[in-house]
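Since the structure comes first, as structure tokens, the remarks are kept for the end.
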Amino acid sequence: MKIGFIGLGRMGAAMAANLVKAGHEVSLFNRSPGKGRSLVGLGAREATEVAGVCGGDAVVTMLADDDAASAIALIPGGLIDSLPKGSIHLSMSTISIALSRRLTQAHARAGQRYLAAPVFGRPDAAAAAKLFIVTAGDPATIEDCQPLFRAMGQRTFPVGTDPSAANLVKLSGNFLTASAIEALGEAVALIGKAGIDRRAYIEILTASIFNVPAYKTYGALIARGEFEPAAFAAPLGYKDIRLALAAAEGLRVPMPLASLLHDRFLRLIAQGGEHLDWSAIGALAAEDAGARQQAPTSSLSAAG
Amino acid sequence: MKIGFIGLGRMGAAMAANLVKAGHEVSLFNRSPGKGRSLVGLGAREATEVAGVCGGDAVVTMLADDDAASAIALIPGGLIDSLPKGSIHLSMSTISIALSRRLTQAHARAGQRYLAAPVFGRPDAAAAAKLFIVTAGDPATIEDCQPLFRAMGQRTFPVGTDPSAANLVKLSGNFLTASAIEALGEAVALIGKAGIDRRAYIEILTASIFNVPAYKTYGALIARGEFEPAAFAAPLGYKDIRLALAAAEGLRVPMPLASLLHDRFLRLIAQGGEHLDWSAIGALAAEDAGARQQAPTSSLSAAG
Amino acid sequence: MKIGFIGLGRMGAAMAANLVKAGHEVSLFNRSPGKGRSLVGLGAREATEVAGVCGGDAVVTMLADDDAASAIALIPGGLIDSLPKGSIHLSMSTISIALSRRLTQAHARAGQRYLAAPVFGRPDAAAAAKLFIVTAGDPATIEDCQPLFRAMGQRTFPVGTDPSAANLVKLSGNFLTASAIEALGEAVALIGKAGIDRRAYIEILTASIFNVPAYKTYGALIARGEFEPAAFAAPLGYKDIRLALAAAEGLRVPMPLASLLHDRFLRLIAQGGEHLDWSAIGALAAEDAGARQQAPTSSLSAAG
Amino acid sequence: MKIGFIGLGRMGAAMAANLVKAGHEVSLFNRSPGKGRSLVGLGAREATEVAGVCGGDAVVTMLADDDAASAIALIPGGLIDSLPKGSIHLSMSTISIALSRRLTQAHARAGQRYLAAPVFGRPDAAAAAKLFIVTAGDPATIEDCQPLFRAMGQRTFPVGTDPSAANLVKLSGNFLTASAIEALGEAVALIGKAGIDRRAYIEILTASIFNVPAYKTYGALIARGEFEPAAFAAPLGYKDIRLALAAAEGLRVPMPLASLLHDRFLRLIAQGGEHLDWSAIGALAAEDAGARQQAPTSSLSAAG
């Protein structure tokens, strides 16, 4: 297929590379230029404006947040203005329910097709084409995008015809992961203060009842107290919990654990942890327990 | 080996059966009699008092809580009184740190050997000899018990020489599982109120990022709102969170998520959910959201 | 002074009446007409549009929320468009920090003067001219408004030159009051389930250590389980906690008790308590304790 | 009346002095000797053992916690052993519901009379005979003790015939006060980070809607960040919240705000704040907000 790709961060660059490798004709755009160099080496073409990637079957967007996605899609000269009728906007960013609904309406008015297709997986999974993709929208459009999904992910889950449903599933999934991080943080603080080896503890749990990447990856980071470099930075985790809570407010669903996570992220950032991996909230329980050497601030000082 | 086995509930009966099948010579005791009948059919012998199972290499205990374990071990005519010097008490129950320490001291004074070896796994895992066993105590004693561990579990993890460390790991593991239940409950309440199919949602998550039994089992129960019959009843979950919090108080580790779980279990029980599976705390978020048909009370009325 | 008054709800009508009684020349405006009738009887004049009350020394606004305040002030033909240069907008509504800042800038650009002056007190205190007024802005303007403050309140507290500071003090005060309601709700649930008389309990506490209106008023409502009619409805309480949390996010201040209150209000509204007094969150603890007859839903059914 | 007084801490010494001044014949006992010297100067007599103060109409106990109260009352040679039949034990300590029940039964078996009569008020209120006294037990016994209550307090509130009811009211009152401290802590962190003067803020609130000693005293301590010397130390506050939660568990009443307070106290103590006033939990919100100079640890270092 002939596709545009907008957003060449760590995730986007890896996904775009897999599209090129799968034989698609890919043109690239990134707001800060020069990010596409290695992809050009693989055969992609780099454009200097949004309109330059809008001439094909579909445009994939993989952007950091609502602001970035709005700026690409909704401003004059953006996606809505530039995409041909019938062409597809495949929005893979983690954005709010509200923005997903605005995009649904704007694309419909412009005679374009819109799918939400956020992903689960960290940059290494993106590089290995092992992402899990959750998608929602018009079934025929989903069908048309299957070659793209196959090139980027290991499995795709359709969740209905309302695109924002896919965004909500994604946000709820990040809430579940952040909950696991908080739980691991408290558990590690507990057994650590009892003198049990933290790393051995995580190995036991993740070799037995929690044998999945989220517990392995974040459990190990918490056990070691190493939150730099950040594969997914604290402000992004904070953003996703805020978006989940915003959706929960709209639907009137009290989520006390999400509120706890909100306060943890806000504290982490207020205390100077903006550059740390989001799993650094898992060190706050140890800090509360007076075990300061395990707290993110130690990591901060080490970095200073 | 020649062993005694005390405590023939759903877990204990399955574990004892696997010991018999592995060729060990097993004598049984249960406070309420008649529970060992099917095991006697397999070749076990049933005793009418604790002393009657204490003549061999080891006695395994698998009891419901601290009270039951104290009653078996510490009263006159109990384990401490009856076990020969050098014989092993293999305590596989989920008990408190404090009781595990008392047993450690009492057995030491009596010249007996004591291992804590609590397990992860529900009754079906016990029946399939697929338990994960966490053990702590004297390394030579652990070595001597390997044939028993192999008969009952799929893998055994030693965590040091202080038996109570194994109990703390077990309690912290149940805390992690209860945390996952709460998180699932909130997430399902959220996506359910948005009109997304609850069961499909759980299938997506557990086929992708949370592909482990805890999320599958409890996610499905929450999605269906079915909390009876209870494989692990709410009061047992409440007990374990209380024991984790008691350990956390002793070690001075604030655990806000554990406090939230404590309040959830207390509410479930206060509202009449004592007979439900502990995953019924995962229905409270939907109740808070005004989606009463998903709340445990509906299950209660249905049962009434 | 010659003043306009916009917003004739229960609070505003009582405040405007006190201005008239103090001898000020008052013209009135309310979006839904007919609210000013009794005030006209006292000597006030009623206008049919915002501009009609903007010809004097000052315009007082007492509106329900940010939306209402924005609609009055910022739309074409609103306050900013209609107020003469040098005239004062005395904004007494409980609005967000963000809106207060926007108004500060808009009035400054238009050469008008702006004071924030939110109040503490329920409608009975407004009627008795016993409000506590917190104000911030230009000191000379505060001085000019003293005759108005004296007519409406028992005491006025200046908190600096940035108007939004007064709004933050007001929001934080409502947070403190909501916190007292939650605490009273939990305490009453506890002693009530122990069989202690709830009303006698509140009388003891408010005759001794908590001898202030907030504890007396809300303690009595909780003890009696009577939350209708609402003097200050749940959605207004929810709004103020959300505004406090929005300010806290902006300033990066985690507030776990405010998060708990947020979830309590959201639950009360999700469960159908929109028409109840905000102190009905104080019945949720009893509901959690299984004492359903004390819960707001009983009041709901009684009302149905 | 002829009375014994046991427990000469800051509270007890002031209360005993008021009994002497009111003309009662007072004999004193304190476990660590020498505490009664100034009272002896007023005319009291000091005994060297519990039995030495048990010969009169009543014995007042004012002890730090359950352990101290048990040691005085329940051990051989203690109060139960020494008090004549018909004599009164007036227990004014803040103790658990469970211990109060044990004492009720033990005194009844011994033919003695028992009243619970815990107090509200800090040492300065005790010295000024301005305590509020909550009492429960046999009405005739309460009547007999009125001269003592009048000598020590400004007002006495009977709450029924079951002594433990008075203890529960006292514990719930301390929970309410700790809740106010937490709320003040979060509010002060919020307005402080916005640049509003903390002391002026507390003056505004306590001159208006929260014009009571608890808000004045603790608000001022939090605004100044001064938590030493402790008039009521953090471990005592922690103890009371734990006793309230223990009662709540027994009655099955989930109290999320009490759980939050529990975690705050545990954190304060874990981080080295054992010697600080209990209102130091009101500095944790500012610490979470990254405003470390306001945190108790700064006070700690200043003291170090």
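All chains are identified by letter, namely A, B, C and D, in their written order; residue positions are counted from 1 within each chain.
Keep in mind that, in the parts below, a residue touches a chain if its C-beta (ideal position, glycine included) is under 8 Å from a C-beta of that chain, and two chains touch if they have at least 3 such contacts.
Since we're looking at a predicted model, the values are computed, not measured.
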| request: If we define chain centres by averaging CA atoms, which chain lands farthest from chain A? Would you check? | output: D
| So chain A and chain C: same face meeting same face, with over half the numbers shared, or different? | same
| query | How many angstrom between the C-alpha centroids of chain C and chain A? | reply | 40
| query | Taking each chain's centre as the mean of its CA atoms, how far is chain B from chain C in angstrom? | reply | 52
| Residue numbers in chain A touching 2 or more other chains? | 248, 252-256, 260, 263, 267, 270, 288-290
| Residues on chain D engaged by chain B in the complex (per definition of touch) | 242, 248-249, 252-256, 259-260, 262-264, 266-267, 269-270
| note | Listed in rising order, chain D residues that touch chain C in their complex are 120, 132, 134, 155, 157, 159-160, 162, 165, 168-169, 172-173, 175-177, 179-180, 182-184, 186-187, 189-191, 193-197, 200-201, 204-205, 207-214, 244, 247-248, 251-258, 260, 285, 288-290
| said: List the residues on chain B that touch chain C in their complex, please. | reply: 256, 263, 267, 270-272, 288-290
